[in-house]
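Attaching a single structure in structure tokens format; questions to follow.
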Amino acid sequence: MEVRGSTVSPAETMAGNALLDEVRAQLAQIPLLGWLCGTLLATAVEQTVGESLAKALSLPAIPGLFGLRIILSPLFEILLAVIQYRRDIPGLVASLKTIAPDLALIPGAVAFILLVYILPTLIVARLSAPLTNRLAKWLLDRFPLWVSLLLHLGLFYATLHLWGDISEYRMLILRFILISIILTLSLNLVNGYMGEFSCSHPGFMAMGAYASSVLTVLFFVNDDVFGAPLLPPAIGPFMFPLALIIGGLVASVGALAVAIPSFRTRGDYLAIISLAFMFIVKSVIENLEIIGGPRGFMNQPKWANLPIVFAWTAICVWMIYNFTRSTIGKASCAVRDDETAAGAMTINTRRTKMVTFLFAAFWAGVAGGLFAHVMGYINPGTFGVLKLSEVLAMVYLGGLNSVVGSIAGALGLQLLMEVLRPLELWKWIVIPILLIVLMIRRPTGLIAFTEVKIEDLLRPRQTLRSSAQVPGEGR
Amino acid sequence: MPLLQVKNMTHFFGGLRAVHNYNLAIEPGQVRGLIGPNGAGKTTIFNLITGIYRPTEGEIILDGKNLVGFQPYEIAAMGIGRTFQNLRLWRHLTVLEHVKLARYSKIRYGLIGALFGTAERYREEAEIEERAYRLLEMMGIHHVANQVVINLPYGTQRKVEMARALASEPKLLLLDEPTAGMNPEELTEMVQVIRQIRDELGLAIFLIEHRMKVVMDLCETIQTLDFGEVIAEGTPEEIRSNPRVIDAYLGKEGVA
Amino acid sequence: MGRRLKIVIFSLVGVTLVVAFIFLASGMSPASFFQHLLNALQWGSFYALIALGYSMVYGVLMLFNFAHGDIFMVGAYIGWGIATGLVALGMRGILPLPNWLILVLTILLAMFFTSFVGMLVERVGYRPLREAPRASAAITGLMIGIILETGNLALLGAQRRNFPSLIKTQTYHLGPVTVTNVKIMIVFLSLLLMFGLHQFVRRTKWGMAMRAMAYDFVVVPLMGVPMNTIAALTFGLGSALAAAAGIFFGIAYPVLEPYMGILVGWKAFVAAILGGRGSILGAALAGFLLGFIEIFVAAIFPSTLRDVIAYSIILLILTFRPHGFFGEPYSARLRL
Amino acid sequence: MLLSVENLKVSYGGIRALHGISFQVDEGEIVCIIGANGAGKSTTLRAISRLIPAEPGSKMTYMGKDLFDYPADKVVSELGISHVPEGRRLFGNLTVMENLKLATFARKDGKEIERDLELVFSLFPRLAERQTQKAGTLSGGEQQMLAVGRALMSGRKMMLLDEPSMGLAPVLMMSLFDALRDINKEGTTILLVEQNARMALQFAQRGYVLETGSIVLEGTSEELADNPEVKKAYLGG
């Protein structure tokens, strides 16, 4: 019927499908716990043999980001060269020659990914599946949900830590990604769950960043401007969470200034007022000489190491997940979809909007505080239109009204920006084009309006009975 | 004392008089109807009672308390539930979530519970959910509880709206054309449901309806509205034979 | 009409009072005061011209065209390209033209070409998303803006460009106040363009269609009006005005750089909103108001406070007049 | 046959509003579609005007041309099908004259436009008096007149009318229908959608009864008016 003209015979496609189905069926039996064990082992493999393996594969070092950059950037370079030397064939050949050595690295990188990441993960995850399934079931049956959750988080953290341990660069990227997740999630609360369009997130971030920085520097650092520390620096790291929370609260207070005028009437006021607010914050900071003005503010203790950032991100995801699943949080979705109906159903629409907005601002502030203490330096220029575009892009790339979507969006865009770094300027043409195409195809983002329940995530994937009949175990 | 009493309510939109000198008294357990041609101001009266508009003049008294000046959500929490003429459902939410959200004002776990997922919250959410299921069962739509509303057929959506209005535990239910756009089977079912609600829950019901048969079947007394004024009030038989009603509502005879 | 007139009169009286107050309170000499006033007019005319583009798109299509600031930048560069090209041709003796003609040609051609850039933006970034949530269209706008900036950097490099000086600056002394012919020309031409746009929207059937679309999007096709054409026209007109603003900017401050759109554009956007949804008069007035605020703030306070005070005043006005000067209340939730 | 609709199906967000309806309108006729609120009457007219998309399999031909080949504005400007939408939908910020002029946007026959304008003003003298007034400030009856007049200006071959009687006092309603009859005599075919069944059946020659997205009855107005079911459901009999 339909196969006429296609070169693949029906039998072949069916065989291909069967194989794919088989693989899918095999993978479907692995619980999250199994995957985490697999990735943990893979990172351990990288730790131990990564260096020598990279040398053996004639790579200059362990690939920073799964070798993505090694693989993608020569391809883009070729593309650019072709565009640049359209008519100049000798020029093209010459530039291709300079790209050639980079090109030669690709097989090595592919092999590295395969040997270090994919194979160990798959093998361990599949092999341990009977065990991990049983464990997952036991954990869920015997203990409250959070025990299992903590174990998963612990394993996940261990993986991240081992992976990040390879280089300073990876550590930095990891923390940036985690902070972006906080930011994206909190903006999604406003733009997705509440259906308003807020532009002030960079402003809230700046308020949080500066407020917490001032606190930590004032109390725990010997600084030119603020003088000797008021408290012994040794207790600093313990007070750091407090500083972050205060930073978040300061951002919430700022949000109040945006919310009061803009939630009085419907329409696009939040978009405009929040935009003006963002510029005001930036400009006020530029005028405050005491915190460095336009030159920026430095000397923050670099307390936001990976465990700290990870813990805050986990708390943020957990709280926002909780909030959006509760009936009180869902009220903001009702206000978004039909405010009149929400009012008629006893929902205090104004309070709902306020709470959601202030809560979102709080997390933006915390993200700012973490950012400041990762960098050890901030300046007002960071919190401008470009940051706004970046966060908005993450939210809309990942998908509105979805916690998973936001995580995916933040991770995706950060990785994309890192991977495309060799393109330099052209990165900022490629990424926007990708986003425009995405917006046209899926206007609400990749994973919009989809929620994954934690219970579903952690549950075992096969019953013990069916695990007995899985063929090919231990192969 | 009547459950709801509206006294001399008048409302202007700009310079336009939408409702003039409107009076109403509903006793507990009563079913009353409001009919009239399109644009006569029926929905405006609903919006005035539920606080979406604030009347220019007049009083609206529920259980001895004047509602004028309260926000819609406060009035809803005091015990007036309603449905809308053009379904106003929350398009991205599931049926169950609709019914649960209508109990918003009765939730006690507060923000702390919402953010930290306290045990109290889970207990309360489970309780709300159970109630919601019972209500959905009563309306015969529990099998779609976890579906997003926009994918449901029209008749079911109407029922979801009704269930949502009931979930807020109203003393008085305002139904704005509950059978609009329904086919005959859905219609009979809906009439059945409305009867059931009245009998089992003992609510007072005030409904706007276009289909004469439905109003006549359900209501004890009927008001007829034309250009914002009540032109007739009485039992179905009286209304049916009132010449002014026939003129206004059914169109004048012998136009051509 | 009466209401409008009243508001205009009121705001004019208000502005006069405020200006008089500033004059008295700041203790400026009358000469320097008038000097600032002229600067404010010039600076305000950039904002006003750009704000018109934002306002038209927002009014007619209910969209934030976040790429408009960058269209202003593109317009300035197109103008720069045409002017430099024509000057170079003149130098080589191929096409010797008098400077004033070069200027006129530059303005007209740049407006013409830039309007196509605007239409292209509409076609690529906005039309495919007409049924989508408006926020998504705002994102594509932002992204197109980034592409335009980066594209400019990639094509022309980071170095700043100087706009060729086509008019010999002549300074007139009116008592203690000095006036340059350039400033007068810019303000005059800006006002002329705004008046032209106003007439276009008031008098032509195209303008009528634009106003109708602003009022009720859905039934416009029932009048036999092709909606896409009107949308493209709206973008084109706005972009043409932005190009004019770009050229005037280039003449007044002869330096162009790829990020100039961000600097001026976002403020003009806020001014457009301040003017009221889709109101041409409002956008122009708000643009000039912003110019006044900025110039006088910079004259009285340290100039770094310019943005804080300007935006704070705008925020205050929007708090008390949420629909802007001439906007009507409307309800436009973002569709999801 | 002027307009023929076959198996027209329309859905909104997953819910089917029209379940494949078919009907015809001949040149010079007045045809009405009656039905309760939400039966799909307005949807039918909007689909003919191409304001909303129809599902695949639907067929609509007008003078032998496939309606699906024409976008909404061309349906008006090239085929001459005008549409008076539900709730009038005038451009309240434009004057009466501007509303009428805008409807001639795509027309190039200047003299004809003048004549049509005269026709509109002779049908509705009130509009002539209020030429320079903003449409938003008109009374309900005047607005309905302007809506009909505007439709006349945009295309004269066929007119789709969506609930013209809505919110009108009986006297106004009658004068409006008198004017519509005159318009029909001038050669405009009329397809009318009404909730006021009695009015519609007196005015039209033929009618269809629409119930929840399907046509359940059709016939001449007399037949329908005598039909006991119609009487019961729509005429209060």
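A, B, C and D label the chains in the order they appear, each numbered from 1.
Following the convention adopted for this analysis, contacts are C-beta pairs under 8 Å (C-beta built on N, C-alpha and C of every residue); 3 or more make two chains touch, one makes a residue touch a chain.
The shown structure was predicted, so the numbers you read here are calculated from the model rather than taken from an experiment.
Pairs C-D and A-B differ in how many C-beta pairs touch across them, and the larger number is found at A-B. The most distant chain from chain C, with centres taken as the mean of CA atoms, is B. If you average the Cα atoms of chain A and of chain B, the two centres end up 45 Å apart. Centres computed as Cα averages put chain A at a distance of 54 Å from chain D. Annotation: 32 Å between the Cα-based centres of chain B and chain D.
Each of the following residues of chain B touches two or more other chains: 91-92. Listed for chain C are residues 336, each touching two or more other chains. Because contacts link each chain to exactly two others and close back on themselves, their graph is best described as a ring. Contact between chains, as defined at the top, is found for A-B, A-C, B-D, C-D. Residues 319, 322-323, 326-331, 333-334, 336-338, 340-349, 355, 359, 401, 449 of chain A are the ones touching chain B in the complex. Chain A meets chain C in the complex at residues 191-192, 195-197, 261, 264-269, 271-273, 275-277, 279-280, 282-284, 286-287, 293-294, 336-337, 339, 385, 389, 392-393, 396, 400-401, 425-426, 428-429, 432-433, 435-436, 439-440, 443-444.
Those residues of chain D lying in contact with chain B across their complex are 13-15, 36-39, 140, 163, 165-167, 169-170, 173-174, 177, 195-199, 202-203, 211-212, 232-233, 235-236. Residues 37-39, 91, 150-154, 157, 177, 180-184, 186, 210-213, 227, 240, 246-256 of chain B touch chain D in their complex. Put simply, chain D touches chain C in their complex at residues 49-51, 71-77, 82-83, 85, 89, 91-94, 98, 101-107, 150-151, 154-155.
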